[in-house]
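Presented sequentially are two complexes of subunit A, the first with subunit B as partner and the second with subunit C.
This part shows the complex of A and B:
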């Protein structure tokens, strides 16, 4: 079989030879109805019958891996797609550095690997659940289509993780696969595993922030799992990253278009002061200080996803060759880290200071630093958008100590600039840093749907180019009558 | 690192077991009617020693000292409390167990004493249920690992939240190459009666077991969803409260702070003194009899509260033993002496016996039972000297029976006009204070001649002199004043010359003859297996699992099976 092309002869499209792997095929077919039930219950609300112009992966060739067509989401061909295997691939880090990459799970790392796969897998359906109400308030059919594209691909990422569980982790893996369909974002009884994936995504600005910040955490996690010495995980994650890029594109351009519209409206109305919030809001656009607050919220929630700065689990996973660093193979060092250190921001005697920690235990911090750098580049591109319109305002990332629930700074109140506040001062200033209830009410009010092809809600600018190079008035979603 | 002395936090020079709720850093005790809640909310920065943080509700000895204190107070200060809810004050984690970095950096002696104390505290939870009608329900939300699960195992009933992630686990073996040191394995098989092969799976699965399977495997009693949790906990609390015989309207007594004077080589309490002779490596504990007759009524006893002689002395002895265990590691032998009138001691025993149905009398006897067990489990040579003017009668006679050896003086010392040494038995010696093997010290002593114990009942209340004491087998040797000093000196010198490790093992073997109970197994296995593994290079060597924990590096094991 040509590994590059996808086999559509089985119920589940794949490039992993499922037709010849009866055991796993049977397991996945057994899991499939539960997945469809989950999608019908928890997938996009109100648009399951709509025809959506979606891309479907048909190959893992980076030059042309997807084709576009109208499809009803429940009929989407979710498949199992792994990047091509490199026969000579070696474990690129840790104590097994230079050994042949594993095609089967090493017994001693089985539990650790399974846990990583389950945590990654749990985030995929969670975001679909978090975003399920957004279709109703889409600012355009273009944006609605992008939302659904993100949703079906998160669904496919769930399939990718479930394939690994079913194929490599035996009965426990099958049970975990079922549990992934049982947990629900925000549920009191069976919440998703990570905090940020139990937060509501109440509006489109949140959705864009989520795809920019939280999906970027996903990207960093996938990047480090793509380095894994367990080759099937590496190959799965490499292909997932191809899809993840679109999700971050949706976030970055979504925010970019929002602030562009705001700045244009301000200019047209002759408003120079970006903090003249009442007048700006009266124009039906989202003022930049509120965008900054949303940014503060989503960035800080996403930082929590990296876990504690100093982490034994991260050290174990690296040493075992299970989870590497961002772009591991491009880093020039011994790839073992047994003797080196890495600077970590810590709270020492009530002050935020940089402290050298053993590099092995500081891997979460390192990945988070790479993430912050990646985020900062995106924020700079937004600032370029603002600058071009002539508005005087700069968005910026808040300090890493700001608004944290996990890690070194979880017990302190820090401002976005990193100044520590006592509880009283924090309570007084909180609404200057994070979206307040009235900010939320304002945004909610603004979220009026625009379902006519080629039209856009007043708070967001149209995109520069269409998806699949379609013209501006293309009907991306044909909503069922 | 492992054997270098760790520094106590905040400049402390000794480990103090005295605390009270106003000083707790890790627990919150609240009482609502007949239900108390013990909320574990460990202060990360509140470690007993420097050099580690108590993350994820992990604990060290300091955390357990507070727990032990709270359990004592629940029994004495809250007679109306029938159910204790053991819960976590932290989201998504119940308790991560004993702090690993603390263990990795602790001396071997501290690890052993830490495990011993935590075991005694877990046993106290079970004792409250079995003896005092104070039942514990453990509500597990989030992860409950290692010592966390061992804590849960001490409860009567374990409720696990069914949220897809809350789990119970004993990850010591796969994660740290050691064993659960606080009774975990023994309670899994002997208390929860988990099937041995399933227990094998459980104890080698780092992430543990959650949900329905945890119930099916008998690891917990029920799983409940978050939204139904409050209702389920309240229902269970009612059910267990209904089984309790604790008084509804009784008012508790305050466990006021012990009055202590701590000198470099001495501790002075109201009814007890400790003298440490560093050169001889002995500590002499002298217990003093009551200075007044027992109160006229139980109401008067309640009014005396913590000053009531038997309670005061039990608390003092407990504190003194723990102090020696943790702070005076070089003491080889503990010498028990007493001063007072045996008749006066017997009068208090008679008072407690006559009022044993009263809640406070009952608590005091169980307190003595626990303190005496603590003595049994102290890994120092124990010797009791029954001298003229002593009062080893009734409850205090247990210290003669608890000793590895006892010596009694025949007659009087030349030039000393105190009355000759006398022993006396009371009904309490025949079952009120069982050892961890489930037998009274008398029954443990006369395993070959159970009838001898029955015959001794005939001696209750009579005065037994040295020669008769030796004849009856109550003391090891009766000596006259010619031999006394030299024999004792030679014995103590010989004792101090033996290998401390050898003595610890031998004494533990000889003290607990007869049957095993879950409790005796727990301590025996702690001493034998866990303490052995704690010393092995696979755990604490340069490449051992405990030493490398947290670095991310993989331990290198010596693969030979022993």
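This part shows the complex of A and C:
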């Protein structure tokens, strides 16, 4: 069959030949109603009947995977889409380096693989749950459409992981797939598996920060799983990455447009001092120091997602050929890491120091460094936006020791500059570093919806280019449909 | 010709550094490794880019969709250093432009055509026997001027839709076209932001030798869209008015010239335009062609079906006609896919021949229904539609132009 094209003859669009795989098709069809129930209960609240201008993949071929049309979200064609198979692909790292990539799960790595798939899978519905109330306060139909695109694609990513569970992990996999629909973000009884995915996403600034920082963790995790010697996982992740790019885009341009509007409003009002918060807020825009505090919060929460800096689990997954490094195939080394070291930031005798650790156990640290670099480049592009308006202010990433719940620095209080404070000093200064209750209240007050086509809430600038090259007044969501 | 030494203006593909988020999707997608990056920017190597447009649709930002006509290509180093795109340099009007083998060298038109062809689900390929199209002879900077010699309402007076048959005469200007190609029309004036109006593309509804044989003219089928700047401009044109025309555009959605080719044409509304050209060409140039033609044409009511009267006069031997009406009072709603299912045996017979070409033209909404109908028909006939469609596409026998 033609792997590029999607089979729509089964209920579940796919390019994995489901029509000929009765067992998996039946399992997925059995899971489908529960998924739709979950989507209706926990998906975007209040807009399930709206017609949304969404892109749907009709093929994983570059020309076919972004087909735009109006769709009601519950009718979105969630499908199983894998990047095309390369028959000659080899395991690109670890002790099996150079062996032919696996099309089935190697027995000895079954538990490890299943856990990785479940953790990745758990984040996908979690973010939909976190973002379900945001539609009501969308600053424009354009932004609302972007939110819903992110939501349906997170839903599809859940499908992608559930397919792997159903296809390759038998009964355990089926049970895990059901559990993915049972856990709830922020629930006291059955929370999602990772911390950042149980935090609230109360406003659009949080949403943009989340898509920039937390979805970027997702990108890094997918990048390293896309290297996997288990070929179906690699192919799944490669196609997911193409979609994940849209989520990065929503975050980066969302913050970019927010600060653009702030700077323009400041200039128009003749305010030069970016810390003149009361006057700037009176303009109905979000002051840059508050944007910095939001950034501090979301960056630090996202760093926790990389786990402990030094980790034998990470070493085992690499050794086994299951989870590689960011752009593994472009790195020039032995791809086994048996003798090399990697510098890790650690807390030594009450000081933050760089210590050489075996490169194998430092893989989480390495991926986190790649992540930080990626984030820093994005922050620099935001700074260019500010610079162009003439406002004197620079956003920056806080120190990696700042506000951590996991890893080396979880028991200390570090400032965004990396200075260690005692508990008392931290309590005194906390609200200078992280959003305070009053910051949250101010932002919440600002979140007034703008639902007229072509119009934007006063705190955010319109985008430079429309989605799918549509004109500025395009009706991205037909609410009263 | 050596691209580095040629002084003819050429099209260059560029990425807007102010909009790009450096997600690497384009670099990952490019089949010829023409896209690369440094710490600052993602850039396109003009020496390698072959205008396949594979990178355009996966880009999440739209930054990828930028083009300049240049006399000397911007080097990678120049592009790495940019904080924003350079403005379009002034090029002498009327210069012939080299621009890969795409559908159009004009970025506005190329984008519109790429969008219209998305439904084909892969790279569009021209029929092997199609004539060689000329593209982009006229552009916004140097448009052709045509004179309106006719403007007739095609839909019934009682119909809700105002669809018009427009005839444009090119006088002494050479404007060679093939059936299936489009032209661009620029409405005069500016939009509310003071920018010139976007170009709109319209399929040519007449054969290559003119609306009237051997006249230097062509016909368009234009529906008046509420609030549509260009369609209202065209529908209000009067005999003797002049119009700025760009193009011709389109290098794949073309009629096969092989007389043995069978052609299945499926359309709604003004999507009938190219098929009028196809049919008329066959009628004029190859009356005894062994190949068969079949038309599935959908409209709300007979009164709203463009060319309803003239079509009745086309003999069934030349063209098998199936009309589907979705809004006739007292009758069940019928769509083109329903008519296709009714004619399943005949369609399956056509599909069994490697001389058969399929064309879809009309609203995007028709695509999935038609595709499902093909899949159903094939299943009953023991044909794998997925595979067949992919094969037909690769052989230039499956074409989609929808909007």
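One rule holds in what follows: the second predicted complex is superposed on the first by the 478 of 481 C-alpha atoms of A that agree within 3 Å, B and C clash if a C-alpha of one lies under 4 Å from a C-alpha of the other, contacts with A are read in each partner's own complex, and residues count from 1 in each chain.
Basically, contacts are C-beta pairs under 8 Å (C-beta built on N, C-alpha and C of every residue); 3 or more make two chains touch, one makes a residue touch a chain.
It should be emphasised that the depicted structure is a prediction, and the values quoted were computed from it without experimental measurement.
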- Message: Following the superposition defined at the top, how do subunit B and subunit C come out on subunit A, clash or fit?
- Response: fit
- Message: Is A:253 touching anything from subunit B or subunit C once the two structures are fitted on A? First, second, both or neither.
- Response: second
- Task: Would you sort A:59 into first (subunit B), second (subunit C), both or neither based on which partner it touches?
- Result: second
- Who does A:183 touch here: subunit B (first), subunit C (second), both, or neither? first
- So, does A:339 touch the first partner subunit B, the second partner subunit C, both, or neither? neither
- Message: Is A:245 touching anything from subunit B or subunit C once the two structures are fitted on A? First, second, both or neither.
- Response: second
- Query: What is the contact status of A:350 with respect to subunit B (first) and subunit C (second): first, second, both, or neither?
  - Reply: neither
- Should A:312 be classified as contacting the first partner (subunit B), the second (subunit C), both, or neither? first
- Item | Greater residue coverage of subunit A in the superposed arrangement, subunit B or subunit C | C
- Task: Determine how wide the angle is at the CA centre of subunit A between the CA centres of subunit C and subunit B, giving a multiple of 10 degrees.
- Result: 150
- Query: In whole Å, how close do subunit B and subunit C get at the C-alpha level once superposed?
  - Reply: 31
- Item | Complex contacts: residues of subunit A adjacent to subunit B | 95, 111-112, 115, 179, 182-183, 188-191, 193, 312, 314-316, 318-320, 338, 358, 360-361
- Which residues of subunit B touch subunit A in their complex? 162-165, 174, 205-207, 225-227, 549-554
- Item | Footprint of subunit A on subunit C - complex, ascending | 18-19, 21-25, 28-29, 39, 53-55, 57-58, 60-63, 65, 83, 111, 114-115, 117-123, 364-365, 368, 371-372, 375, 379, 384, 386-387, 389-390
- Query: Where on subunit A is subunit C touching in the complex?
  - Reply: 1-2, 4-5, 7-9, 58-59, 61-67, 69, 241-242, 245-246, 248-249, 252-253, 377-378, 381, 384, 464-469
